[in-house]
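Chain IDs A, B, C and D follow the sequence of writing; residue 1 opens each chain.
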Amino acid sequence: MPTETLPDLLTGLTLSAILFCLGLIGLLVRRNVIYLLMCVEICTNAAALAFVVAGAHWDSSDGQVMFIFIITLAAAEVAIALALVLQFFRRRHTVDIDQLNGLRG
Amino acid sequence: MQDFFAPFLAWIPLLPLLGFVLLIALPLFHLREPPEAVSAVVGVGSVCLSALLTLLIMWTLFLNNPSAVLQVSLWQWLKVGALQLGFDFYLDWLGMAMLLVVTGVGFLIHLYSAGYMHGDDGYRRYFAYLNLFVGAMLILVMADNLLLLYLGWEGVGLCSYLLIGFWYRNSANGDAARKAFIVTRIGDTAMLLGLILLFSQFGTLSIRALNTAAASAPANNLTVTLAALLLLGGAVGKSAQLPLQTWLPDAMAGPTPVSALIHAATMVTAGVYLIARMHPLFNASETAMSAVGIVGALTLLLAGFSAMVQSDIKRVLAYSTISQIGYMFLALGVGAWTGAIFHLMTHAFFKALLFLSAGSVILSLHHEQSLFSMGGLRRKLPFTFGCFAIGCASLAALPFTAGFYSKDQILLKAWEYQGGFNGIWFTGILGALITGFYSFRLLFLVFFGNDGPASAQCKDANNGVMTLPLSVLAVLALFGGLLTPPLQRVFTQAPAGHAPLWVEGVAIAAPILGLALAWLLFRHNTSPMESRGKSALEKLWFSGWGFDWLYHRLLVQPLTSLARINRNDILNSIYNGTAFICRQLHNLLSTSQNGLIRWYIASFTCGAIIFLALLVVL
Amino acid sequence: MTAVIFYISAATATVATAMVISSRNAVHALLHLIVSLLAIAVIFTLYGAPFAAALEVIVYAGAIMVLMIFVIMMLNQGDAAVDQEKAWLAPKNWYGPALLTAILLVQLLLLIFSGAEESAQRIHYIGPTEVGIALFSHYILAVELASMLLLAGLVGAFHLARHKRIETSEAPDAD
Amino acid sequence: MTPFSTLPAIIAILFCGGILAWLSERYFNRGSRQISLISLSVAAALLATYWPHLTDSPTGVWWDSVQINWIPRFGISFSLAIDGLGFLMLALTVLMGLFGLVVTWRDIRFRRGFFYFNYLWTLAGVVGVFTAIDLFLFFFFWEVMLLPMLFLIAVWGYEERIPAAIKFFIFTQASSLLMLLAIVTLVYLHYSASGILTFNYRELLNAQLTPGNAYWLMLGFFIAFAVKLPALPLHTWLPDAHTQAPTAGSILLAAILLKTGAYGLLRFTLPLFPEASAAFAPVAMSIGAASIIYGALLAFAQQDMKRLVAYSSVSHMGFVLLGLYAMNTVAAQGAVMQMIAHGFSTAALFSLVGAIQKRLNSRDMAQLGGLWSSLPKLSATALFFAVASLGMPGLGNFIAEFLVLLGSFDSNHWITAIAATGLIGAALYALLMMQRVFFGGLRTPEDAQTRSPTDLKAREFLALISLAAGLLLLGLRPQVVFDIAQPAIARTGTLHKKAPTATSQISSPKLRLSAWPDTDHRRGNSP
């Protein structure tokens, strides 16, 4: 069922790029671990958007399959990451990611 | 007859060497230091047996037959490729003359040492070294090939090192010993190269083969000249000639009999012997011959001047040795082979006598060596005085002493050298005058005039074992001139021709003139020369023409400072530098791993930017 | 009509995302994020992917965000956290990241528009059936792997989030 | 050949002895030294079974050989063989192993079992290196001897042992990697040319290589061996390793391990790449001469007595390099002799330094002095070996150096002349050591003032005296060694197609005497 021409590949990808970059800015600027996680979600979501848009453009179900995998990944990642955040907060009583630098050389 | 004696030949050097082995092994049997008498008997006895054997062989064989030759082959030493060397000994009259000197004078010095070294805690060690010294010298003299000769040659050098540094507790002695060894080693290395050059040219190291080959080589062949000059380098080092003479005056650090042994019987004469032994080789090259003559003449003069101003009794004698060996080189240079060897013999007699009597003086004065502390000893040490006077007379070549005959022969040959008046001859005459001067200056300063500061404590230290060798040597120094070795068969040279009578006259007059000068200046022991300050020339002479200073500046200092700068091995810094760079890079990367996740994300972003930029551009 | 909806949704998503990254209150940020996700769900529908839109709403905006809300509540930061965020978000902290990201964005757009010749092609509708067929035929192995990943995530999260007394007592040297 | 012949037995005994020594110390707290002594003696006895070969005229090239398939797929076999050269090296190895064991009998105070394990394994590796004629096996043993040595330095060494051990390891490991590369390339080139995949030395001798390939491969081997030797720019591991190693380790390093480099050059580099080696010879000879002089200069500059001896090794091994690349029998014989004589004299000097350090807790020449008056026996022995090391005629070192110079003179006059000045340098440093440590007034470091040092024990003295006797024998009757080594060296020589004939720089007709007239009457009667 062909739809209208407007939501096309390029605009969709552009949106995805903009969202990804916004998420990236957040990752670079924020120091609170919770926000970082949100920004990661934004980025993965942007990537997922790109997959879906491309899938729609090429008439392929692979884009949505990938979306499903991404969403699975995101779920697992958030679960683990939030658990880690909880541990981190319990031990350090802070959510500052810059305090988490025990692996410095 | 020759076959009968050949087997005994090896025993001549073997006996002192056995003595050496026995002496160093004695504590193993005894488990403590053996008494002095044992050491003395072993040390002196072995050389005595060796001397007796030599005398026996001479009497029964060589005296009747001037062209007699003895040889013995002990074992195959080296047989590699074209190189074939045996441990072979060879003896002709030239070797015989040397053997007589080495064993005879060596024995007397051993005997004297037995008294002189009494009470020293290194008594056994002393005799061990002394025996090794004589043994090495005998190998040197009897060697049939140049490598065996080199073995003895280096052995002699080693022993001189050991003996000069015998009183090791004073590190100055050790320095003198090292200097002696290293300076002679420089010459020895040249000589070794000479050996190698000779082998690569002639394919043999047998002395006789080389001599025959050199004699038939084209005249002034460059290789032969070069080889001869390299050998001369070795001879110059061992015989303390210019420019390697600086070690000998310092070699006085050893016990006095050692000086006697080094100067008279063994070490310094080796160079003269080498050149005499290799005379066909030298004869084949005019350059080499004149080099020998010039070295001799220059050394003769320079050392003579230095001897005139020394203040240490042993140093005067040391410079006189250098000077007298210069005579021998001069003789060799002008082709007076017989004269050189003859002078070597007589020099051995009177120089041993001088050193041993100087040893008596030093011992009597409780190890005082300064000439200006002595004086008037004539009355306190009459016997020593007599010996010393005979020695001085012979050294100065006053008529009818041993030294006179040999020096006269040399001067005559020098006169003939270029068919009359020439520089070499003139140098010889001038040298004779200087010799007369310094030898009697020495005599007057020590034995005449008023008592010096040290003369008061003088106590005659001569004992039986010391007087005997002195007396024998005194006799030899007086009448040794009659013992001309029959060397005509060894050196095929024209007999000395006739020189004008006035030449003879000058040769006789020169030392007497020197004597007279010394008498004028030093008769009263205090001289105008010593009371006032020294002039620059005297300082220069005193320091042996500043050679030590020159070498120190030119060679020793650059070498040591180079070594000090490079102590930590400059090449090592290449590898350390590599390690340093790696470490710095590591530090750089290590600081980038700062544990800040946001920093990593930023780097990540930068990486992505670069990667995408590449995509965009390409 | 579709175009208008698309632009409105796109603008909503962008603005909401911007609010997420600049918000000082975690709960507010989370709510903004949910708005953004919902807007993207709308866009998915516009691109003919209703199954994806549904998942986006259910899993992302629903499950994951709830999880985050719980964590924020467990951390229980309060007003102090807002002040803290205010201090961390000083304007000077923004320049560097913004510059870097702007460059990246420009590059991305350049790349996207460099292959622009086919832009007029229609968008295709891909329903859940097709996705399901693809998932369970071609990607069956990947699905199994994803399930294992989820299991591992479950176990891991459970293990990590457990409250262990001993470990907290050695907190100072757990560096 | 039966698989259980002597050569593998020697290696096996050393390996097993090492393990036994370790175990005995671990479970019984004693016995490791005795086990080491026994296994070394058994190895020596096994080696002595080759005695008949010494006097027999050799029938074949190899006295004995063993070949067992190992990895047939790659043409690798466990093949060992011994000839005169190998025998000399093995004898040196076992004797020096015994010497090092006896002279440091009481030196090791902790983890003794592991020490002797490493000691014997190093020796086993060296024996393997000297007998392997399969290149892969050779490389295997080359590595086997490296690791235990590393432990010897790193565990029982002196104050700065760890950096020294690491340096030693990096240098040797990097260079042996080059060798591995060269070996594999050589085998591959041989394989692609002939279709036969083999690591066997005897077959690889026939490998056809282009000159360019041969040159690069030769360089690979050369660098590996030059590091071990050590030659000039690659020598800097040696002073550190020798100085920091325990006395027994220094003895192993100096007396044996350095020789593996020289042996490798003689056995592998020269025969495998004759033309390339001939082309490289002037460079190698220059490196040799430079090593002689540079080593002597550095030895002269040292404060640390052990470092002085270590640098003297650089100088002495320069003669070996010079002799090997002079490409003639005389020089090669000299090089072999130098390997043995240097092994003797340097092992003795290291053990003496070790003895001094054990007694006075110092080897700093600025703190020592005048030891002759308190340790006469030790000092006299030291004098002997110092004199040997400066090349006194009548001792082995002189024969070696003379032959090397004599042989290399025909190849290159100037390099030889320059190298000869090393003899002066040797006198400089050897006598400096005597002067600073043994002569002068008695000075001992402060922490050793309280107890008066004891002179050499009978055990040490006997061991040193036997080395001294050996050196004297080598100096006076060296012909035995030359006769043993001759066939192996002659074979190397024939493999050189044509060494570049040095044009005589002195333009004169060669007056070589074909037959000397009185050769017959030189034979006198010997007593």
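In this text, a contact is a pair of C-beta atoms (placed from the backbone, for glycine too) under 8 Å apart; a residue touches a chain by one contact, two chains touch by 3 or more.
All of these numbers come straight from a predicted model, not from anything done at the bench.
Note on chain placement: the centre of chain A and the centre of chain B lie 95 Å apart, centres being C-alpha means.
In this assembly, the C-alpha centroid of chain A lies 67 Å from the C-alpha centroid of chain D. Between the Cα centres of chain C and chain D there is a gap of 71 Å.
The geometric centre of chain A is 4 Å away from that of chain C, both derived from CA atoms.
For chain D, no residue reaches two or more other chains under the stated contact definition.
Chain contacts: chain C has residues 96-97, 100-101, 104, 108 touching two or more partner chains.
Among the residues of chain B, those touching two or more other chains are numbered 602, 605. Viewed as a network of touching protein chains, the structure does not reduce to a path, ring, star or complete graph.
Pairs of chains that satisfy the touch definition comprise A-B, A-C, B-C, B-D. Residues of chain B touching chain C in their complex: 602, 605-606, 608-609, 612-613, 615-616.
Listed in rising order, the residues of chain A touching chain C in the complex are 1-15, 17-26, 28-32, 34-35, 37-39, 41-42, 45, 48-49, 52-53, 55-65, 67-69, 71-80, 82-87, 89-92, 95, 102. Chain A meets chain B in the complex at residues 24, 27-28, 31, 36, 97-98, 100-105. The touching residues of chain C, counted against chain B in their complex, run 96-97, 100-101, 103-104, 107-108, 110-111, 114. Residues 589-598, 601-602, 605 of chain B are the ones touching chain A in the complex.
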